[in-house]
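Note that chain A is present in both complexes that follow, paired respectively with chain B and with chain C.
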Partner chain A sequence: MDAARNRRSHGLIWIWTLFVALVIYLPVACGALAGLSKGRYFLFPIRAFSFEWWEKTLDSLEIQRIVQTSILIALIVTLVSLAIAFFGALAFARYDWRGRRLYQKLLLLPIFFPQPVLGLALLLWFNALGIQPSWHTAIVAHLVWIVPVVTLVIAIQVYGFDPAMEEAAADLGAGRWMILKDVTLPILWPGIWSGALFAFLLSWGNFPLSLYTAGADSTIPKWLYSKMVAGYTPMVPALGTMSTLAAATLLLLGGAIAGFVRKRRAN
Partner chain B sequence: MNMTFTQQAETPPAAGSAADAGADPALPVLQLVGVSKRFDGFTAVDDISLDIREGEFLTIVGPSGSGKTTLLRMLAGLEQPSSGNITLRGTLINDLPARARPTCLVFQSLALFPHMSVGRNIEFPLKAKGVAAAARRARALELLKMVRLPEDYYGKNVMKCSGGERQRVALARAFAYDPDVLFFDEPLSALDYKLKKLLEKELKDLHKESGKTFVYITHSLEEAMVMSDRIGVMRAGKLVQVGSPEAIYGAPANRFVAEFVGEVNVFPVSRGDGGWVIGETGEPVRVALPEQMAGARQAAVVVRPEYMRFLEAPGDADNVVRGTVYNEYSLGSRMQYQIRSKHRVFLVEMSRAQTRAGDGKGEVLIGWNAEDAIVVEA
Partner chain C sequence: MSDAALGAAGTTTGESRPKGRALRGIPAGVRCASPVALFMALGFLAPLLTVIGFAFAEPRTFTVFDSFTLENFAEIFDPADTVWMSFAWSLALALLTVVLLLFVCYPIAYGLVRVFGRWSSLVSIAFVFPLFISENVRLYGWTLFFINHGVLDGLLAQLGLPGPDVLFTPAITLFGMVYTYLPFMLFPMTLGLSMVPADLVEAARDFGASRTMIWREIELPLAMPGILIGALLTFVLAAGAVAEAKILGGQSVIMISHDIEIAFTYSQNWPRGAALAVLLMLVIGGLSMAVMARLDLDRILGRR
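Moving on, here comes the complex of A and B:
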C-alpha cells in the first residue's frame, strides 16, 4: 500500500520534472529549428530543412566581426573582473575592516539596478566625459555589473576558507607570495573558476548594457535584436543557436575541467 | 626573509637541534615579561610574566575565554602584544613575524592543506626553505615513520585520512619545520577518548625523544596532568598559578585552581572569636592554616573527595559531619558518594576495593583531618 503510494508520487515527480524541463527547453529548440528552415521567413511548421542559413551565417564577414567583438569583450571582462573580484571577495568575506558592511551593501547595488537604466546612466556618463561609446566602453559597462556578481561567487568560496590555513603557512615559513600561490589560490580555485565562467557567459549574453554603451560596435545579442527589429533573416535564429551552443559547450568544458582537477587532487 | 632562510639552511633538519644550538640551559627559551593583549576595550591577556624553559613540556590550562589561545598566538608570532615583551633566548621578538620564528603552532583545526597530499603537506615548510625535491621527499618519509604512519601515506589525500591520522600528519609537518619550540592549540579536542589517551602518550614520548620545547594549551586539566612537566593555570587573562602537576593538584594557589583541578568539597571559612567557623552556618571547623596565610581572617577550605572518609565513631577525624547518602556513582575503579548534611552536600570518593558493606547506605558519619584539607585564599 505504502510502496504503491510511494511509487505513484515518484512517478508524479518525474512527470512534473519532465514537464518543467520541456517548458524551459522547448523555446530554445524552436529557435534552433527556425534556423534550420529553408525558407526566408519564419513559418511554423517548418516545410523544408536545410543548413543554408547556417552556412550563410558562418560565411558572413559582418557576423565574423561581431563574434570577434563579443569574444574579445567577454575575455577582457573575464580577466579584469577576476582580478578585481578576487581581491574584492577577500575584502568581502575574509578580512574584517572598518567600512566592510557598507562595502558589502554598495557592492550588491549594481546587481539589483535594472540593467537598461544602468546602461543609460553609463551612456550619459560617458557622454558627459566626452568619451565616444564603442566596444571599449561596453567593457566598462559590463564590468560595472559583472564584477559584483563574480565577487559574490568567489566570496562564497572565501567564506568556507579557514584563515588558519594562511596563518599555518606563514608559521611554517612561507612568504606572502608562496602563501598566495600554494595555499590561498589553490583552495579558492573552484570559486575563481566558476567566477570566470560566470563572467564570460554573463558578458557573452548581455544585451541591455551593450545596446546602450557599445556605440556603433555590435555584439551578438545586440545584432540579434537589431535584426529582429528590422531585416529578419533565419541567420538570426542560426546565430542565436550557435551562441547558445557555444555557451553550453564552454559550461560543459568548464565543468569537465573542474571535475578533472578535483579527481586528480583526490588521487 | 632571506636572513631566515640562510640561517635555517645551515642547520640540517635533525631531531634535537635545540641542543645543537648550544643553548644555555639556564636561559629560558621564551620569556614573557608583563605581556598584555587588548582588543577594542577587551583585555584577552592581562600582564603575564612567564619563563618557558628549554626542553620542557609546559601546558597552559584554563576555561574557554581565559586568553590561553591569544597567549599562544602571541608566542607563535600570529598576534602582537599590546604591551610587555617577549624574548627568545634573550632577543626581543615582539614584532618578529611567525615565519621568521623558530617556533611552530599545531592549530586546533590542524589547518592541513586540503588540496595537498599527506607528503606535500609535510614537505611544505621544507619547500618554503628551498630544500630540493628529493631531499624533501626523503625527510617526509622519515617523518611519516616518526609519527607512526605507513610510507604509502605519502601520496594519500589528506582529506581521506582519519582524525587521528590527520593529527599525526600535522605533527609531522610541524617537525618538518624543525622548530625549537612547538605550540599546540588543543589539537586533540575533537578526538574520541581512547584515541586521545593514546596520542597524549605518544606526544609525551615524542617530546622526550626530540628534546624540543612543547607548549600545549587545553581546557582539560586531565590532559595537562598526563603530559606536562609544568602546568600554568589561566583565568580571565591572568596566569593564576604555574607549577608542577603535583603542586597544582596538591597546593592550589586559590579556590579557582582547586575547583578547576577536579570535583572538590569547598566552603568558605572565617575566623571567629572562638576559632574558625564555616562561613554561612557558623559550625566550628578545625583548619590547618599555611604559614603565608597566618594572619588571614577569611579563607576557603578545599577537601578533595578522596580525603573524605566514612567514620566509625565521631572521634575518628578532626572534622565530623553527620549526613545521609542520597547518591552513589561508580567511576570505574573508584566509587563516589554524595552525602547530604544539614547545610551542604559532600563528595566522598574511594577506591572500589576499600568500600565496605555498610558504606553508602542511610545515615553515615563522614569526616576529614585538618591537615588533609587545603586552605586557600577565599
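Moving on, here comes the complex of A and C:
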C-alpha cells in the first residue's frame, strides 16, 4: 500500500514539475510566434508565417551594432570575472584565514541586492567620479553582480578539491606556477568552465544594470525594452527569440565541450 | 623544501611558496581575497556610500557631501507624501511572492533531490536556462499571451468565449514576480533538501513515523538553511522589482524602485531618490544580515 502511495505522489510531482516548466517556456514560445508572423501587428491565431521580420532584424545596422556591443561586454565580463573570481573562490573555500566567514557573507551581498537599485547607485557613483556612462561602465556594473556569482560557482568546485594534491606536487619539487598549471587548474577546470558560461550568459541577458549604466550605448535587452515601451515592431520578439536561441546554443555547446573533455580525460 | 613553504605560510596548509618578499607573511587566503575585496570596495561599497551621502544632501542638488540635511527623510515620512504606498505595495507583493514560491517550488525541489534520478540534471537545466533570457523578453512574452487578440484571447474566441481581462492589474504583477523569481527560490531550496540524509528518513519510516512527522521533524528542519536562503533571496529581489509592474502591470501598481528611478531621472531630485534607496536598503540589508548571521555557508555549499 505504501509503495502505491509513493508511486502516486511521485507521479503528481512529475506532473507538477512538467506543468511549471511548460508555464516557464510559454511566454518564450509566444515571443517566437510573434516574431515569425506576417504583418505589423500580432494577431492570434496566426494567419500567415514569414521570416520577413527576422530578415529585417538581421539587416538592421543599428541592431548589428548593439549585438556587437552585447558580445563585447559579455566577453570582457567573462574574462575579468574569471580572473578575479578564481582567486576569490580559493579564498572562499580553500584557505582557512581569519575573516573568511565575514568575507563569504559580504561577497554574497551584491547577489542579495535588487539590480535596479544597484544600477542607479552605480550611476550616481560614476557621476560623482565624473565618468560619462557608456558600455564601459556597463561592464563594471555587470561585474559587480557577476563576480560574486562566478566566485560561488567556482567555490563549489573548490570545496571538493583536496589540498593534499598541491602539497604532494610541492613535495615532489614542483614550482608555484607548475602546481597552478598542472594540478590546481586541471582539477578546478569544470568549475571554471561553468563559471565562464554563467558569466557570459548572465551578462548577455542582463537588463536592469545595462538600462541604467550603459548611458547612450545599448545592449540587446536594453534596446528591446526601449521598443517595448514605445514603438512596438515585430523585430522586438524576433530579436528576443534570436537572443534566446543564441544563449541556448552557447549553453549546449558549452555542455558538449565539457562532456567531450571529460570523456577524453577518462580514457 | 615544502617544510619551509609551510613555515612561511603560517596556519594555512599546503601553501606554495610566495614569490615576492613583500607578500611573505600575508596568509594565502588574504592574498587571494584581495582582488575581489578591492573590486567590491570600489564597485559595490563606494556606490552605496555615495547613495547614503546623497540621501543627506539638500533636495534637488547634484553634489554629494557638500551639505547635510534630514529634509529628504522628513519629506518622505510626511503623511502628505504618498510614497509610503509604493513601499507597502513592494513589500506586500514581495512577501506574497515568497509565500507562493514556497508552495510552487517545494514539490519540484523535492523531485530534483528524491524522485527524478538521472533526469535531475536535465530538469535543473530547464529551470536555470530562463535566467539567461532577460526578464523583459520573458515578461513581454506574457503580454503577447494575455493581450487583446493575443494567444489566450485568440484561443478563447475560437471557442466562442469572452476574452480575458487580466493585463494591467496588481494580480498580474504578482504573477510576473512569481514567474521571474522562481529559480531564485528553487535552487537554494534544492540545495537545502539535498542536505537531508535519505537513510535518516528511511530509519524514521522504519520506526513507524508518519509522513507528516517525518516532514515536520526531519525534512523541514534539516532543509531549513536552504529554504531560508531561497526565501530571503526572492524577498529581497522582489522588493526591488520594477520590470513586472511596468511591462505586465501597466503601472496599476507603483513599485518603490520605480519611485527611486523617477526621482533620479524625470524629476531630477537625486537626494530624494537616494533617501528612498537608503530606506529600501535598510530593510533588505537588515533582513539579509539577520538571516545570513544564522547560516554556515561552508556546510551548505561544501557539505562538509
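Operating definition for what follows: the second predicted complex is superposed on the first by the 249 of 267 C-alpha atoms of A that agree within 3 Å, B and C clash if a C-alpha of one lies under 4 Å from a C-alpha of the other, contacts with A are read in each partner's own complex, and residues count from 1 in each chain.
The criterion applied here is as follows: contacts are C-beta pairs under 8 Å (C-beta built on N, C-alpha and C of every residue); 3 or more make two chains touch, one makes a residue touch a chain.
What you see is a predicted model, and the numbers here were worked out from it, not measured in a lab.
Residue by residue along chain A, chain B and chain C are tallied for touches, and C comes out ahead. Residue contacts after overlaying the shared chain place A:61 against neither chain B nor chain C.
Looking at the shared chain after the overlay, A:48 reaches neither chain B nor chain C. Touch criterion met: A:171 reaches chain B and chain C at once. Contact with chain B, but none with chain C, is seen for A:265 once the two complexes are overlaid on the shared chain.
Judged by the touch definition given at the top, the superposed model places A:230 against neither chain B nor chain C.
After overlaying the two complexes on the shared chain, residue contacts for A:187 are found with chain B alone; chain C is out of touch.
Residues 164, 167, 170-171, 173, 175 of chain A lie at the contact with chain B in one complex and at the contact with chain C in the other.
Only residues 1, 4, 8, 76-78, 97-99, 103-105, 107-109, 111, 113-115, 117, 124-125, 127-129, 155-157, 159-160, 173-174, 176-177 of chain B touch chain A when the two sit together in their complex.
Within the complex formed with chain B, the chain A residues making contact are 162, 164-165, 167-175, 178, 182-183, 186-187, 189, 265-267.
Those residues of chain A that touch chain C in the complex are listed here as 10, 12-14, 16-17, 20-21, 23-31, 33-34, 41-45, 83-85, 87-88, 90-101, 103-118, 120-125, 127-128, 140-141, 143-144, 147-148, 151-152, 155-156, 159-160, 163-164, 166-167, 170-171, 173, 175-176, 179-180, 201-202, 204-208, 212, 220-221, 224-225, 228-229, 236-237, 240, 243-244, 247-248, 251, 255. The touching residues of chain C, counted against chain A in their complex, run 1-2, 5, 11-14, 16-17, 19, 27-33, 35-37, 39-40, 43-44, 46-48, 50-51, 54, 62, 64, 104, 107-108, 110-111, 115-116, 123, 125-127, 129-142, 144-145, 147, 149-151, 153-155, 158, 179, 182, 232-233, 236-237, 239-243, 246-247, 257, 260-261, 264, 270, 273-274, 277, 280-281, 284-285, 288, 292-293, 297-298, 301-304.
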